[in-house]
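For reference, chains read A, B, C and D in written order, and residue numbers begin at 1 within each chain.
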Amino acid sequence: MNEILDEIIYENRKYLCEGQVASYIPELKNGNKDALGIYITTLEGKEYFGGDYYTKFTIQSISKIITLALAIMDNGIEYVFSKVGMEPTTEAFNSIVDLEMKNLNKPLNPMINAGAIAISSMIKGDTSEEAFSRVLDFVRKLSGNEELDLNYNVYVSEKKTGNRNRSLAYFMKSTGVIENDVEAVLDVYFKQCSIEVTCKDLSKIAAVFANNGVIPWTGERIIEKEVAQIVKTIMVTCGMYDGSGEFAVKIGLPAKSGVGGGILGVSPNKMGIGIVGPSLDKRGNSIGGVEVLKDLSQKLDLSIF
Amino acid sequence: MNEILDEIIYENRKYLCEGQVASYIPELKNGNKDALGIYITTLEGKEYFGGDYYTKFTIQSISKIITLALAIMDNGIEYVFSKVGMEPTTEAFNSIVDLEMKNLNKPLNPMINAGAIAISSMIKGDTSEEAFSRVLDFVRKLSGNEELDLNYNVYVSEKKTGNRNRSLAYFMKSTGVIENDVEAVLDVYFKQCSIEVTCKDLSKIAAVFANNGVIPWTGERIIEKEVAQIVKTIMVTCGMYDGSGEFAVKIGLPAKSGVGGGILGVSPNKMGIGIVGPSLDKRGNSIGGVEVLKDLSQKLDLSIF
Amino acid sequence: MNEILDEIIYENRKYLCEGQVASYIPELKNGNKDALGIYITTLEGKEYFGGDYYTKFTIQSISKIITLALAIMDNGIEYVFSKVGMEPTTEAFNSIVDLEMKNLNKPLNPMINAGAIAISSMIKGDTSEEAFSRVLDFVRKLSGNEELDLNYNVYVSEKKTGNRNRSLAYFMKSTGVIENDVEAVLDVYFKQCSIEVTCKDLSKIAAVFANNGVIPWTGERIIEKEVAQIVKTIMVTCGMYDGSGEFAVKIGLPAKSGVGGGILGVSPNKMGIGIVGPSLDKRGNSIGGVEVLKDLSQKLDLSIF
Amino acid sequence: MNEILDEIIYENRKYLCEGQVASYIPELKNGNKDALGIYITTLEGKEYFGGDYYTKFTIQSISKIITLALAIMDNGIEYVFSKVGMEPTTEAFNSIVDLEMKNLNKPLNPMINAGAIAISSMIKGDTSEEAFSRVLDFVRKLSGNEELDLNYNVYVSEKKTGNRNRSLAYFMKSTGVIENDVEAVLDVYFKQCSIEVTCKDLSKIAAVFANNGVIPWTGERIIEKEVAQIVKTIMVTCGMYDGSGEFAVKIGLPAKSGVGGGILGVSPNKMGIGIVGPSLDKRGNSIGGVEVLKDLSQKLDLSIF
């Protein structure tokens, strides 16, 4: 299996030069454009890996599925989806149009920035520090990695340059979607995006979703089955930015990408998949990572459809 | 099993009064608002049914998945998706905005009217009569029902009042998506929508998709596996109009609805499901049918996620 | 005065090479890119001219102000503006978005294609031939040129390639803005756009508007004062496609352009101005013509603001 | 003349009950819904008035024409319009759609909130206090009323509830339209909107524009002629929110309204007009004020078209 992974990685390195490392903040520009790696954790406890699987990167938008699960457990399905919709969108991920024209009172789904910021505002905690601390604990438990922490430079940079997200948040404040203090909410959001991981960590988190919310290596239920199912469904319909439809057709797995170069993929009842590849296509998905996941899905016949 | 189905039908009849029968053409207004029925065909050859399963109705938008499969087999995946996209949309099903603003050269997906009309233009045939005749033969084979035919009054009515679709088609003609004669293409489209079926027919067609393209009762492969998979994926992301995201979360099955009141649902490797219920919610989905499918999916744990 | 005009023409010829002759139909491609000319008719009966004022071209969108005046006189102000709005738009002239998103039942104004087609559908006449014949008579009277006629090749070409306009018209048919037969309405529209003129003709028509609806050379009132005023107002707010705002600031005159290269400008109570220059800027306005009108407006202090 | 004004006021009081006082901040809700008044200052120095002309109200959006003139004089025409467009819009005044979809780098015009906030960011001053102080001095000079000041309660309220404007401003910060500190810019904007005036003050300011930038009662040029002309043009095309087109047709005067209930109207080379009437139509224009101005324009034949 490790050989298969190495081969898949080898064959898809050629795409890296066609992409670009994210550059909207200086810290992301330092991402290694040449890196491409994969890590798999099966539900029977086996682990496989290939390529540059040890590369560190910030989790970015992949954190959105984690806070979604936590927010639903904090507030209930009904409350969360009274504030944020479930519908896919063809707008870019940071679009205000979707917010304004289609539904004044609800961002379309929890995977676009507006929806994810609204989700972050629902994480319980007396202060924004406490709310983020609960997010971090949750990620550490899901990944089985107590060392996980935020990359402080990335966080500061996100906060400093995040005026588009600030604009989205104030818009939602004005329509009542966000009820608490905007800067406090954004602080949680910028921090959650700045958590530093490897693709091993992503594969562990994915394995918990593949296992319907039960941590495979401890047997502990950490997410309710229904919540895990909702999150996986939204990953299929909205997880890969405005390329979600094509991704579903070509790969057929619940997945979520981040501009740090990570992709988290779930093969239900089988395995969790983590991929790293900071060279991005123009939609913001890892250009090599998408190809790696496509090859893997076809070779192992993983499509859920 | 028939008892379970009868019970599910019984419990969801209460929603019928909240909906409306489609009324944009007089013929559809005659649909029986009180009807609600289901028919299931399993891959092992068992058949179950409940409620008003014998009710006849026109297939309408459910025909879009059938012409999609045929058009891909006629033209290849690459050609078809060079003309029509794969992305979900949050606009209403007959929207021109999506055509114009997001991608001048491509309707977003084959389930919105624009995309479906473009798909119809790709069905091979020397004349529009021949093209439709091929569609009808294909539907008859998929359903195992050689009696299937179009409802002529509905067809004439669609053709007479179809100016919004005519507008979409001329727009695509002007951008080059449609290459042949607009009225000929629309004729195929209006005819395919007017094919009269029962939910038994739908369940048979669905069973072929559930069986990855092989007709369960003959063993004949009629659709390539990859094509069946693509169609099922697009049903999940785009099949239920602008309610597809919510439908995926709550039901988790590839499905396609039509304003005649039908829903075709696929439980991969298990069964094909046909539902009838002409009372529609405001998105155009059978209001009772969606509830029936939700109950069925939960009772039998059918979600693919 | 003729010297001033020659000088203005001379100094603005340099812009011609930066533009493009309209090319959406072959006949327009034959327009003379190098031509630039002006003709002025004052209310006291003086005429001035400069450059290539004898160049023939088709009137195209400039016909929209003429049919607007005629349609108001045929149907009354209230009826016309119950079907078509009065608001400027920032969309391109042939946009469907404006039709669909902002007001399902009304094109935004009579200067965009959708609005102009709706206006054409209101011209009285038992047949489309009779309706167009009334338009042609009206143009001949306004210009004092009984020889004016349509350029048949341009008309045939417009009709053959006019699928975008056909799409707009069927959309309006589906929403009830257009009440009569779509192809008959389009026939009037394509014909009115194909009337062949010189900038002398435009200057005469403009002089009638400058004179509040009274033909200066006969003293006959041909347009009611209020109607002439409405048309001039709409020329200011919507006459120069999506560049109307900038045009108003820089030139400050009621004006209407056409892709044949003409501009008709009105200096209220003073003079009518006709300009020809088939080399167009990217908005579809005569690139040299706009500069000529700007220089003229500044030199003679013509701005109405 | 005063009799004519009293009569016009008397006849249009009937519309007041159909409108609503602005209610997005509590302070505006206190506006007198029954008030309707007018004040006219002619260029020969005569003053006329009628109705409740002594009513005080906050200037709100009418301040946008004043800061526009000041910003152009501070920065030059070219710089200002490299940051903000000149095109009318059919979106509501606080729309983000226009910002995002049509031109990422430029709000459409200086009369929508986004454009006006961008204009406020260009007012020179070492601090936001100094910038506002320059605006206040300018308004005092234009109105000849040294007593003018801001209504502190309205200002505090605007600042506290202004999250939609904050969203617009952060959006423009993210695209580079706004270069300085967002909260400082908003402070100037909220203050300028909160200046308290009477319709006498508005009529004086309008008279300066009617006089092409020269204060009629002192002879001092305070605005360059070209700048005054630009401001008047933009008032015609964009001054009355999304009702500007209809307003131009029916009234034909450069005018600007505010949600405090004021309308400032300019009759070039003749007079300045100030109107108060806090009962607003659904677009945000004084419902009685628009009717008063229409009657006045028709009675005195003031339309510039």
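The working rule: contacts are C-beta pairs under 8 Å (C-beta built on N, C-alpha and C of every residue); 3 or more make two chains touch, one makes a residue touch a chain.
Since we're looking at a predicted model, the values are computed, not measured.
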item: Intersection of contact partners for subunit A and subunit D; value: none
item: Whole-Å gap separating subunit A and subunit B, where each centre is the average of the chain's CA atoms; value: 33
item: Approximate Å spacing (C-alpha centroids) for the pair subunit B, subunit D; value: 54
item: Centroid spacing, where centroids are CA-atom means, of subunit B and subunit C in whole angstrom; value: 47
item: Numbers and ranges of subunit C residues touching at least 2 other chains; value: 101
item: Pairwise touch network: line, ring, star, complete, or other; value: ring
item: Every chain pair meeting the contact rule; value: A-B, A-D, B-C, C-D
item: Touch list for subunit D against partner subunit C, complex; value: 85-90, 98, 102, 108-109, 229-230, 232-234, 236-238, 242-246, 248-249, 252, 254, 268, 303-305
item: Subunit C residues within the subunit B interface of the complex; value: 95-97, 99-101, 163-164, 166-171, 173-174, 182
